[in-house]
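The following blocks contain the structures, represented as structure tokens.
Both of the next two complexes hold chain A, though its partner changes from chain B to chain C.
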Partner chain A sequence: MKTQMNSLILRTTGHFLLPLLLIFSIFLLLRGHDEPGGGFIAGLVAAAAIALYLFSMGIKSARQVLWVDPRNLFGIGLTLAVLSGVPAIFYGQAFFTSQWWPIYLPPFGTLKLSTPLFFDIGVYLVVVGSVLTIVLTLAEAEG
Partner chain B sequence: MFLILQPLVYLILSVSLGLGFFRLVKGPTLPDRVVALELIASLTVGLIAAYTFFSGQTAFLDVALVLALTAFLTAIAFARYLEKGGQRDD
Partner chain C sequence: MLLAVLSGFLLAFVAPWLARAAGRYSGWLLALLPAGLTFWFASFLPEVAAHGSILFEYPWVPGLDVGLTFYLDGLSLLFALLISGIGTFIVIYAGGYLADHPDLRRFYVVILAFMASMLGLVLSSNLIALFVFWELTSITSYLLIGFDHEDEKARKAALQGLIVTVGGGLALMAGFVLLAMAGGSYELAELLHEGDAIRDHALYLPLLLLILFGAFTKSAQVPFHFWLPNAMAAPTPVSAYLHSATMVKAGVYLLARLNPSLGGTDAWLLLLSLFGALTMFTGAVMAIRSTGVKRMLAYSTVMALGTLTLLIGLGTPTAAAAAVTFLLAHSLYKGALFLIAGILDHETGCKDFRDLGGLRGKLPVTAAVAALAALSLAGILPLFGFVAKELLFESVIGAPWIVVAPVTLLALASAVLIVAAAAVVGIRPYFGPTVPTPKHPHEAPPALLAGPVTLAALGLLFGLYPALAEHQILAAAARAVHGAPVELNLALWHGFNLPLLMSLVSLGLGLWVFSRWEFVRARFDRHLEPRERFGPERGYELFMEGIVRISDWQTRLLQNGYLRYYILTIVITLVALTGYTLLTRYPVVPTPNLAGIEIHLLAVALMTVLAALFAIITHSRLGAVALLGAVGFGVALVFILFSAPDVGITQVLVETLTVILLVLVIFRLPGMYALSRPRARYRDSGVAVALGGLLVWLLLLIQETRFFPSISAYFIENSQPLAHGRNIVNVILVDFRALDTLGEITVLALAAVGVYAMIKLRAEDRQK
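Here is the complex of A and B:
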């Protein structure tokens, strides 16, 4: 039984929509702290992008384009999110207190490196990993 | 001019939403309902875009974008389901 739909329109759309949606998800991820966005919704957009690719290209190509097992993403994300709480301890503050390290980069302005950013990246990876684990497993069970 | 335009746009979109909802409830077959859901999603995107235009809150445009993406995915998923001969209670 085929997992792929043989539609030229869908295949073409899947091809050029995937990079655009991944860029959009990263945009949402990085904007998240003060404005709408953040790790969760960005992760959902990225997972939707891969799911779209899965529907148009089939399961093998979807696994190839992801290049890591989604379960590994899950673990890496959770580790990153927990580790983002650690630096506060060395400043004598409570666990998970936000730390900000603004870095001045001459041509671009200031890069506000912070622990909430790493926490959000962790959430992003957990959401992508868990949603894609579910979607890919279901698609494989479907045959 | 916006004084007339704003209520008019909202009225037209709301009436269309109502008609779409009617088709969703009544629709004799499953494909009818899928198309009605797609119509409702598109109208919601239009409603959000209109609200963004009239209020100047540009952050809502991202909501419209994500909603359009998920609606597209839903339509494809339903099409797959129907193509594979999924269960349908017509």
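Here is the complex of A and C:
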């Protein structure tokens, strides 16, 4: 199927918007614990960004820009989410009890490294992977 | 103890690599674990004999109060020793017997996993854990019966065994739940002392029937006995181990274990002793009718299982003593005989008694061992089988009056037939004229002989010194079965009495039957063959055909492939169930409170409703998609107005992606004609209005009534101190309710896999 739209405006903006939107999605992911955002929303933003790129540049370029097959992304995401529950066991706590290892970085402030953060990254990858798998499969399907 | 139970599983994981490294000696190497376990369990013998029982506790799911508790008393120790002891020889034997088999390493994995499951089954004190191990033995048994998975017969037999035993397992689980309700605990160690409370409980009869159903299917009692002879499709070490010495005795173990809790009632006595006696007799008749080596042994195992059930059902101290003695004797001689059947097959290539003869010169050791084991099977002096048989006769004579006549007669008749079968097993292949066989027979290698020789020798040792077995283990085991100390007084010679007379009668008649084997078989065949069309196996087949037909019918009905009908079904079910609950429990008409609604909210609502209305009547598909998007954005706006930014953002993004997805599929859909007839449209609109109305009603009700205290206060208070996050929605998602989120993202991933598979497979189909 022909998914690429022959619009100069879309093609030009697609180039600029993709990195901006991806950075924005990571921003949403990282600030999610305290401000509106989080893995789910960030994943949707990233998926929408790639979908926009798909419409402006075509399937081939979209695949190239992804450099991983989205099918692998949700597998990695699920694994990461499950693994984030494991450290609690070593502290003698129930599975998925959150663990915190704050790191003090002088110029920026404190990075709240924690298992919920890894869990949220897992959610992010699953959302990006699943949505893009569906979108790309549908876009590539013949007639 | 935990390690002892689980070590089999651990070794099963690495068995393929170990077996590859050890090459020809893989059996000997892997047998070190069961051998070590045997000695480890044996080290508990003095303590169990002195104190009765030991309890081991490990936490498992502390939140649900489920623990891994292991209960070691005479009965479980006897079983544990049999499982690990015979398992040692089975693994050694398999290394020789299946040496050239390409799947030998897979065999090690499953047989070791089976051994661990079986140990768990007999040692567990927790009913849930016991049930899990119970099902694991069924599954490993399935894998082992179907080991030659390219043979259709083996696959069918494996499935039959699985369905019968797992079907019983389902009933057993229900029975366990009822038992725990009646006895107030999931721990066997506690239930054993709650016998009176359980027997007087209103649920006693249902729980008894459910548990018996589970135990009878596992232990191949009439009318479920048919799966066991079919299970002989498995390789011989499996038959010897699972389908003779251990797994099929799991049902008997359970009955013996629960005897102090459930036994002593009329229902228990009648059900167990009559089903047991009937199984005993059926097994004996079918054994003498068989000509296949393994088939005859399988039916004689059915007979033994019936005998054990009968003895447990009788409930007298003598019967408890007889049960444990017979259990030990049977495991020793039947294990040996099965392994010998494997040697005969391995060396000659024959599986039928009619093709074997005159082998004693070629296979002297095998012949001698077979003779010893067969003598024990027949119950002849001075072997351990004789001791067990004397006790069996003593128990049936002393049975409660209500069953004494039938069980004595059936026991005597079965003994006659089994003596004849033992003679066939012990004499027929080795004496008489030499029959030419496909393979040129040699004496078997040590790996094959180690098991039968040891088992048969133990049968002789315990026969000569029965007190040895009694003091070490059997006294403690009988006490565990009976629930009170039992005097065993095992001895070879009790003087001239009624049991001895019965023994002599069975011996004489049995030898007469053996001398006229062909004639007796023809007689039985003439009478029984016409009736076999109506046997329990036919019932199983009819049942399976019925299941296929029903599932075919319901699949066509429910999985019809039309999305519109799926949605219709889901919505109607939802409306009916929720509506019914609301009408019966909260028959109040809520009064909507319109005060305080601001004008901009009304505008948003109006816009959303209008978009929905136009979506229904529009004739352009793209228009419908856009209008649905507008509805979604309206809802998102409401979320944001009520300060739930996270939910609002999510809604906006989901709407955006939905539009993208719809655009991608929209070109594939047929044009937007009127696809449904007016009647169908009236029906659909009725259903839609019903759902909408129900939701409005539900929401208004929720506004008026607090059904339970809200949990949001807890989240608001603890989000910052406990989870270090200010965004409560996110904290709930990734911390407080992380397990739910994990479930949701798994569903999301599965949906993606589903879409991918559906479209790719369709594309592949089209290419063909």
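FYI, the second predicted complex is superposed on the first by the 139 of 143 C-alpha atoms of A that agree within 3 Å, B and C clash if a C-alpha of one lies under 4 Å from a C-alpha of the other, contacts with A are read in each partner's own complex, and residues count from 1 in each chain.
In the analysis below, a contact is a pair of C-beta atoms (placed from the backbone, for glycine too) under 8 Å apart; a residue touches a chain by one contact, two chains touch by 3 or more.
Only a predicted model underlies this, so the values are computations on that prediction, with no experimental measurement involved.
Novice: With both structures fitted on chain A, tell me whether chain B or chain C touches more of chain A's residues.
Specialist: Per-residue touch count on chain A favours C.
Novice: Once the shared chain is lined up, is A:48 touching chain B (first), chain C (second), both, or neither of them?
Specialist: After superposition on chain A, A:48 lies in contact with both partners, chain B and chain C.
Novice: Once the shared chain is lined up, is A:10 touching chain B (first), chain C (second), both, or neither of them?
Specialist: first
Novice: Quick one: is A:24 in contact with chain B, with chain C, with both, or with neither? Answer first, second, both or neither.
Specialist: Touch partner of A:24: chain B, not chain C.
Novice: Just to be sure I read the superposition right, which of the two partners does A:36 touch: chain B = first, chain C = second, or both, or neither?
Specialist: Both chain B and chain C are touched by A:36.
Novice: So chain A touches chain B in one structure and chain C in the other; where do those two contact lists coincide?
Specialist: Common to the two interfaces on chain A: residues 1, 35-37, 41, 44-45, 48, 51, 55, 142.
Novice: Using the touch rule from the top, collect the residues of chain C that touch chain A in their complex.
Specialist: 63, 645-646, 649-650, 653-654, 656-657, 660-661, 664-665, 667-668, 723-727, 729-731, 733-735, 738-739, 741-742, 745-746, 748-749, 751-753, 755-756, 759-760, 762-763, 766
Novice: Quick check on the complex: what are the chain B residues that touch chain A?
Specialist: So the residues of chain B touching chain A come out as 59, 62-63, 65-66, 69-70, 72-73, 76-77, 79-80, 83-84.
Novice: Would you tell me which residues of chain A are touching chain B in their complex?
Specialist: 1, 5, 10, 21, 24, 28, 35-37, 41, 44-45, 48, 51-52, 55-56, 142
Novice: Please name which positions on chain A make contact with chain C in the complex.
Specialist: Of all residues in chain A, those touching chain C are 1, 3, 32-41, 44-45, 47-48, 51, 55, 71, 74-75, 77-78, 81-82, 85, 94-96, 98, 100, 112, 114, 116-117, 119-120, 122-123, 126-127, 129-131, 133-135, 137-139, 141-143.
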